[in-house]
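Going by the order they are written in, the chains are A, B, C and D; count residues from 1 in each one.
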């Protein structure tokens, strides 16, 4: 931590700050310039609230030297983390595709979707069984019956399962069906949930909150990792800005930023990021071009009849075309999209 | 719902939209202008996703006619709701003061604070026992022991209790100690928690999420109200913007907006809104001048030693001066701050 | 400037940074901790782009020690600047009222408005003659004829004139009619205009840009001051955020922030900040309660017929009531609104 | 325009609104549902302020049916505009590269850069002669001498010139040297400048303002087009959000949005959008993948010594690699980057 004293700070103010820092266990280096005295406070105190020093008399500003997170940082681990989940490798040269409907609605719907996405190179089947909805009057998901259908469909076509857990009370239930826990944007700082997931041995896909800075996002990952679970996938899905034409503003520059600050893999969800189908394909392409480790997209056999988020779900043929395009883009930057793992049952 | 067709939309496109609306149970009025056909869809379908119509061919735009919330709206109840909680009346002419430390730390700390705030006109004692913290390495609260101390201190000085519930698993525990459940900004869209609180008979103070629009905030209130609990107090505490000098940007214009759109009382928390002590007093004054039904402020007997949020906590004498100022401002606009209820034990 | 080297930065990287800083004329203090080396660069280089150092190898972060502005800072002048303009004193204990229509439309309109606002304590008459409008198809102002009417009306009722200058080519023309130049939010970083105004001897009211940080705003003031003109009034008028219910989000916390960082007076414009008439009065009250040195409001004898911004203009009786309320609030915090200077001609 | 009356609006309120609309020249269709009366106002009044109707008694909401811009819209021209400027075609299948230093600094600097970028497929040379800088103490550009060097270097290597015009007083000067006028983000709503450029016969590259919505951006284009100049290139360069790690948040979803709402070409500037060199290449790739018609990047022979924006300027070899990558990505989506036009003089 670096403490910058105000121009004209008195000697007694400077000493009071030094005493304060010592009391918190910091060693202090003092450096006096022409106009300002600067204090370097040495020592790592994770979670220390720097405002405690900022409000002292004579202090102009306080800056942290180290990142507030540890396990999520490049300082902790300098090569990319690669997560091996079933046959997929997330975070390596492979560009991973997670696809499926917003919500599981029926056995037929999830099976036909699983067959289609598997036949085009997806390695994970997504689908919600518990849906957090802005309105209490909207469809809230099939619950455990949905999880059962999702698991069965994924198994039939050799896919991994990713599904959202909305609540601490549902962690064990979801655990028994999924390969990857999804934590939604609204739950990114549901610290009780993060801690419980930190004691599980399955991977967590952590979506960025609508108004979360990159630092807060990595701090949320730190909550999970600090409990012992290092298997985290970050997922950019759009932040809230003043622009209203798109539902959110997909922040693709988060991809190179995360790659520099952390070893964790990062994927992009262009469906929630844009909220409208005809923006999904260009933004998925852009995500891969920016260096994302994968994409998560909503696909539905009949988007017009979908019980939730139909307007942002791709038609089957749009999904197939999307995969063709991103495979070419991945190659242009030395990466690859896996080839189909299953015999296409719907082609 | 009003559907605006594109200039040049074909007759078959228009008919397809009408059929679609009929299928969802809407009656449709058609109105053709020189350039545009406009369809009025009559019928109330709470939670209907208007993007379903927006993505149809030939549709230029779709606008909702009714607010997506019902119980929280002025259309449902056109006079202000007044909540009677103990001796306090929230939402009437009274300007309510909720005060206390960020976190309960010890019996002495909470007792001395309760005595002080009661002697200056506060009617609620606040204090956290379960603290949601950005860092896993920060103080997380005293838990039930803290609740017990909080209740005892409030009872001794004739105050109501308000404290945060962070999780569905803690609702029953908090219920047995508190008068008002506080739902924090990060939990504003924790829908599972909102539903459980909607089935309780105690009031809920619902903080606005950092990136929540006013409409989403009222929808969160609707989640609680739709389960049967009408006792809601809204609390503005700052939204996230590009400005970084203050922790958040306190959006005081939310006060007159809420007063127009809803019958629910609204109070303002200037401590979290600004994050620095010397901004709390001017912004608390501004909140009352803008028409807020109360304020919630952090007060601590020794802010420099506080275990959390010390830098934004007021000193005792600052709190006393703050109350004097807002009492004068309340009178200037025809309202009042209650006089002290207890014999000042610290004056 | 403080340079924080990465953990594990090599000795040659550290030396390269030191050489670089020396080449730019900084003296460097080196301080080595357990994990990090910190370099203090001493010397004031206004306008130095710290990213030059940030991109060097081995650098983790760079922080400025001094504010990037000089004349606008408290370090330069530690007591509040008070501007004496005609009979008004801006920045003292007086709460100044600037009022008038959005645009000058006719002799009758501006005269009747001037009479009304003067009779209630306003000391400045505002009114636009050159209107920057979002649409090229909107009314663009009366031009010089408007300036002439504005000046005459103000003189008749003992008011000062404040009016907007939109362009370097209009500075001399506006100079001959106004007492205070208004620089609009969209022109806050029109640096050519700022420089020309910096060489004039009349005060400048500088509105905050829609997406300007407080620091950028003070830098814009610095542009004017660095040319020799110290007579600046800052004006908060709302920033752009994700909330769409109000036109902009009025950032009242800017008032205490500016009071701490600068000696310049600050007033608030609640008309543009909210964009709707029924929000103007509560937000004007809140501005005064927060400590603003004045308010600027739009008033029109017939808002429904106004050629621009009618929906946010106050009716005459609303303005009179507004002044009554803010006078009481000003007194509650030890300030005052001047009494009427002119014989009310319309009462 | 569609006017939605409040539930329970009285007949006299409805009639007052109809009369008001008629007075402004609208034809009104009335449609009464169970709860609401909806009025369709037919007639095109560009620049009409819908708040005039919104503030009338009994009105719940007002929505525009038509876009507020005309010449910039797809309704006006439904195929993409292709601008032919010298040998370049902007807006067709070609992905155009505009490259060069932030500021022209010397004859050698601009010549060597022109040679390099031309040899890799750039068709425009960029370079500032008048620099709008946040600080009055920063380098402000070489002025006309810079324009002369820029033109000469571009001519030598067969490139077009694009350079910024900061002020109405400089339009004629810049006109005599440039092929494309650049309007910077801070000037996007400098309406006086836009109008003057609207009467010229050279193309205008219009950067999006930091806090401009897409609609406001198109309205700024409309200002130019309404004066007779249809040759507009839009340029996304990042918007201001709460995220501070990058200088701005590059909003790539603006690319597909603009493609749908307008016929104008759109390019992307990843240098200003991100502010740091190592983010430029991934974001340039992403821009092309999203469907942009070109990119504008800063390149400098010696970024560490650049007089402005060195930290975001690419090294020569980085630029060469960037072009290789985006050429492959362009092909993956059926477009192309032109091959080098000049004999490389520096290879």
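Just so we're on the same page, a contact is a pair of C-beta atoms (placed from the backbone, for glycine too) under 8 Å apart; a residue touches a chain by one contact, two chains touch by 3 or more.
Computed from a prediction, not measured in an experiment: that's the story for all the values here.
Asker: Listed by label, which chains are in contact with subunit B and with subunit C?
Answerer: Chains that touch both subunit B and subunit C, as defined above, are A, D.
Asker: Report the chain whose mean Cα position is at the greatest distance from that of subunit A.
Answerer: So the farthest one, by centre of C-alpha atoms, is C.
Asker: Taking each chain's centre as the mean position of its Cα atoms, how many Å separate subunit B from subunit D?
Answerer: The separation of the two C-alpha centroids amounts to 40 Å.
Asker: Averaging only over C-alpha atoms, locate the centres of subunit C and subunit D and give their separation in whole Å.
Answerer: Taking the average C-alpha coordinate of subunit C and of subunit D, the gap between them is 28 Å.
Asker: Using the touch definition from the top, which residues of subunit A touch two or more other chains?
Answerer: Within subunit A, the residues that touch at least two other chains are 211, 240-242, 244.
Asker: Given the complex with subunit D, which residues does subunit B contribute to the contact?
Answerer: 2, 4, 7, 27, 29, 31, 33-36, 38, 40, 42-44, 60-61, 63, 65-66, 75, 240-242, 244
Asker: Help me check something: in the complex, which residues belonging to subunit B touch subunit C?
Answerer: Of all residues in subunit B, those touching subunit C are 211, 213-215, 239, 241-246, 249-257, 260, 273-274, 278-279, 282-283, 285-291, 325, 328-329, 331-333.
Asker: Report the residues of subunit A in contact with subunit B in the complex, numbered from low to high.
Answerer: Residues 46-47, 49, 51-52, 54-55, 68, 132-139, 166-169, 186-187, 189-192, 195, 209-211, 216, 219, 222-223, 226-227, 240, 275-277, 304, 308-312 of subunit A touch subunit B in their complex.
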